[in-house]
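I'd like to ask you about the structure that follows.
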Amino acid sequence: MTYPLPIIAEAMLNGLLTGAVYALVALGLTLVYGVLHIINFAHGALLTSAMFAVWAIHAFLGVDPYLAILPLTPLFFALGYGLQRYVIGPASHGDDGNILLVTLGLAIIIENGLLALFRSDTRSLATDYSFQVVELGPLLLSQARLYGFAGALAVTILLWLLLARTDIGKAIRAVAKEKLGAALVGIDVRHVYAVTFGIGCATLAIAACLLMPTFYVNPRVGGAFVLVAFTIVVLGGMGSIPGALAGGLVIGVVESLCGLFLGESLGQIGIFIIFILVLLFRPTGLFGARA
Amino acid sequence: MTRHTALWIALLLAAIAVAPLLTASNAALNFIVFVLIIALAAQGWNLLGGVAGQSSFGHAAFFGTGAYVSALLQLRFGVNAWAGLAAGIAMGALVGWVIGFLSFRAGLRGSYFALVTLAFAEVLRILANAMGFTGGAAGLLLKLDLGFANLQFSSRAQFLWLALGFVALGLIISLRIAATRFGAQLVAVRENEDAAKALGVDVLSVKLRAIAISGAMTAAAGVLYLQYFLYIDAQIAYGVWISVEALLAAMVGGRGLVLGPIIGAFTLHGLGEATKAFAGRVPGIDLMVYGGVLVLVVAFAPGGVLGLLAKLRPKSRRSGETA
Amino acid sequence: MLEVRDITMRFGGLVAVGGASFSVPKGAIVGLIGPNGAGKTTLFAVIAGFLTPTAGSVRFEGDDITAMPTHRRAARGIARTFQIVQPFAGLDVRENIAVGAYLRHASASEAHRRAEAVAQRVGLGADLDKPAASLTVAGRKRLELARALATEPKLLLLDEVLAGLNPSEIRDIVPVIRAIRDEGVTILMIEHVMQAVMNLCEHVHVLAQGKLIAQGDPPSVCADPAVVEAYLGRGAAERLRLEASHA
């Protein structure tokens, strides 16, 4: 099958736009992995709950999804902090395999809790700008997705600055490198773990706010994102923030092109095959960061 | 195996076997058959994830392969259902071996192994969902043709005994393995790969045998599911749900213990039914309980239900016995 | 029996072992000593097949085994213990040792019988049914030794089996090691407990900063100024000699 160049270019650009939001979803996952060295299986379910939160305060209170960033970011930070400090940490006794299972358990609880609350219906929200487009030469791009792209880049840079410049950022990096040493110089490792997990959840809240104007939510939607996010994290190198951004953009484009050439039902397969190949042959990721 | 363990196993199997004589309720018999299928899938998971310590998040790959291979052979090639069963089991073993060969050779362990198995299962799900040969999204429907030769039974009781026979066979295989060199090597690999290597254990080959047998057992569960419900689609056969069910049952019953999967499957689904009876038909409520039980087991009862029972009776020998 | 030739092991820019060569004759007890971080355990890992050296070769009974995987080396007759003991926590003592015995005996009953015999030899006869995790440090060291021994090795690599033991425990286990040698097993041991090295080893190699700096029988090696300096720092041998002559 051949397509005219503008269609391919549009697919690639759209892929980049989606990819930036994917990167934002992956950011929290890679940060948590880099510091706690755990794979958070509940990441997708937490994203779903953030998306439902955005939907709910828009539907019931009429709050604009972009404005929802203000209350939801601190709320999800607190949620993440509490989950790590009072549930995941104590329940897993510090064993990696246990953490995987505990976060799997949490994912099941959250996902089905949302199913019980909201049923399996798919919901979306209509805003004034949901269908606005921007003309870029011969290409038409969704305005809301451009906002999403810009927002995702901004959050990535902010997070990078937070880690590089602030005291808590330095503490987080210290714990990531050498937790015993960090503990010896007086850093409260459990607090830092919880803060990291909280930041991971806060980025999910922002991602949800940026996604909702153009996306839909149902209780299972996080599952689709979580495997994509894992792929990005693995591709970019576990724990690497620039890697997550690069990985997100690559995956966005790959998904978009696979969708174009293979059709909707087979489109996602490209992502999983990349995921498997990277894990099997280059588990430290394509973008250098050492595991 | 102690005499004590043997007695418990015999009692448990006998109790399940007489259930159809005590009740004619279709709901009750459906429940038991379904739980037995889960238990069989979980026995497969337990050998790899429990005994050998390689936690898989993608046992759907084997369950689905068993179901699809058998269904396709029957529908597309007119093969007999029993031969379909044998082929499904063999393909489950082969898929297990291939996934194991790729991931174990690449040195994947722990979280990485869990993720890669999940990805393999998802690739198979997408393929089965997209290809015309596998029936696409519409799935595959077996023709209703009752009779022993077709592995279809008019009475639920007969199917229950068949499923129970498979679970019993799974138990015997697990117990046999536990008593042999292979079983000791599996535990050695789980506890410490380096030490096992130093003692001459060929770690790769031990893991490959484990995943092949594990895949075969879970594939058998997939074939049974097909023969009982006579319908599969990609969401059912290769869905994440069965990967999670297999893992949960083994974990909750008692990871690595031969009786763990059966006890776990009945405990979980018993709790699930109780919750539904208590909370009404709220969708997802039983699964919420499963998730909660998993967290609680990891946090407070790493030995699962059997571990708790053993603690209650500290004087007697462990009734599960490490497999 | 064992010949190590020009082994170099680099990790990135760090040279853990630089061009080490030595040999272990059949039937001997040879010691490998040196200050912490000298590369002794790295060298062991190369001999046992856990690491592939950057350069050099390992020969066993005349065959080049440099590229042979660990489990095949065990089958050829090389067994090792670990400095940090690594019992199989989920198994009892008998089963732990049986994992080693299974290398040469496929049947469970035979492997268990061998395991019990080995346990008697190293003094674990009373602990066969205990979970491995419940053993004391001394017990775990014995278990480490028993498992390796159960593989019926020709060459036994002992990595600090005496470290962490008190003097009376050391006194108990030294004759066990000697008896193993007397039954025909060649032994190469890393050891810090000098009393035991003096007592057991006929020949000692000294490794410091990745290089072999001295060898010989234990008393002469201990008197070697290069060895004293490796342990105590530059100029230490001179100071010691002066202090001795002033006294």
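Labels for the chains are A, B and C, by order of writing; each one numbers its residues from 1.
We take it that a residue touches a chain if its C-beta (ideal position, glycine included) is under 8 Å from a C-beta of that chain, and two chains touch if they have at least 3 such contacts.
Since we're looking at a predicted model, the values are computed, not measured.
S.K.: Hey, what chains does subunit A share as contacts with subunit C?
M.R.: B
S.K.: Which chains are joined by the largest number of contacting C-beta pairs?
M.R.: Looking across every pairing, the one with the most contacts is A-B.
S.K.: From the centre of subunit A, which chain's CA centre is farthest?
M.R.: Max centre-to-centre separation from subunit A belongs to C.
S.K.: Cα centroid separation between subunit A and subunit C, in whole Å?
M.R.: Averaging C-alpha atoms per chain gives centres 49 Å apart.
S.K.: When the centre of a chain is set as the mean of its C-alpha atoms, what distance in Å lies between subunit B and subunit C?
M.R.: From the centre of subunit B to the centre of subunit C is 44 Å.
S.K.: Suppose each chain is reduced to the average of its Cα coordinates; what separation in Å results between subunit A and subunit B?
M.R.: The computed centroid separation for subunit A versus subunit B comes out at 32 Å.
S.K.: Which subunit A residues qualify as touching subunit B in the complex?
M.R.: It comes out as residues 38-39, 87, 90-93, 96-98, 100-102, 104-116, 119-120, 219, 223, 227, 230, 234, 263, 265-266, 268-269, 272-273, 275-276, 279-281, 283.
S.K.: Using the touch definition up top, name the residues of subunit B that touch subunit C in the complex.
M.R.: 179-181, 184-185, 187-188, 190-192, 194-203, 256, 322
S.K.: What residues of subunit B sit close enough to touch subunit A in their complex?
M.R.: Residues of subunit B touching subunit A: 55, 57, 102-103, 106-108, 110-112, 114-116, 118-120, 122-123, 126-127, 129-130, 137, 240, 244, 247, 251, 282-285, 287-288, 290-295, 298-299.
S.K.: For subunit C, which residues are in contact with subunit B within the complex?
M.R.: Residue positions touching the partner: 48-50, 69-71, 74-75, 79-80, 82, 86-91, 95, 98-100, 102-103, 106-108, 111, 147-148, 150-151.
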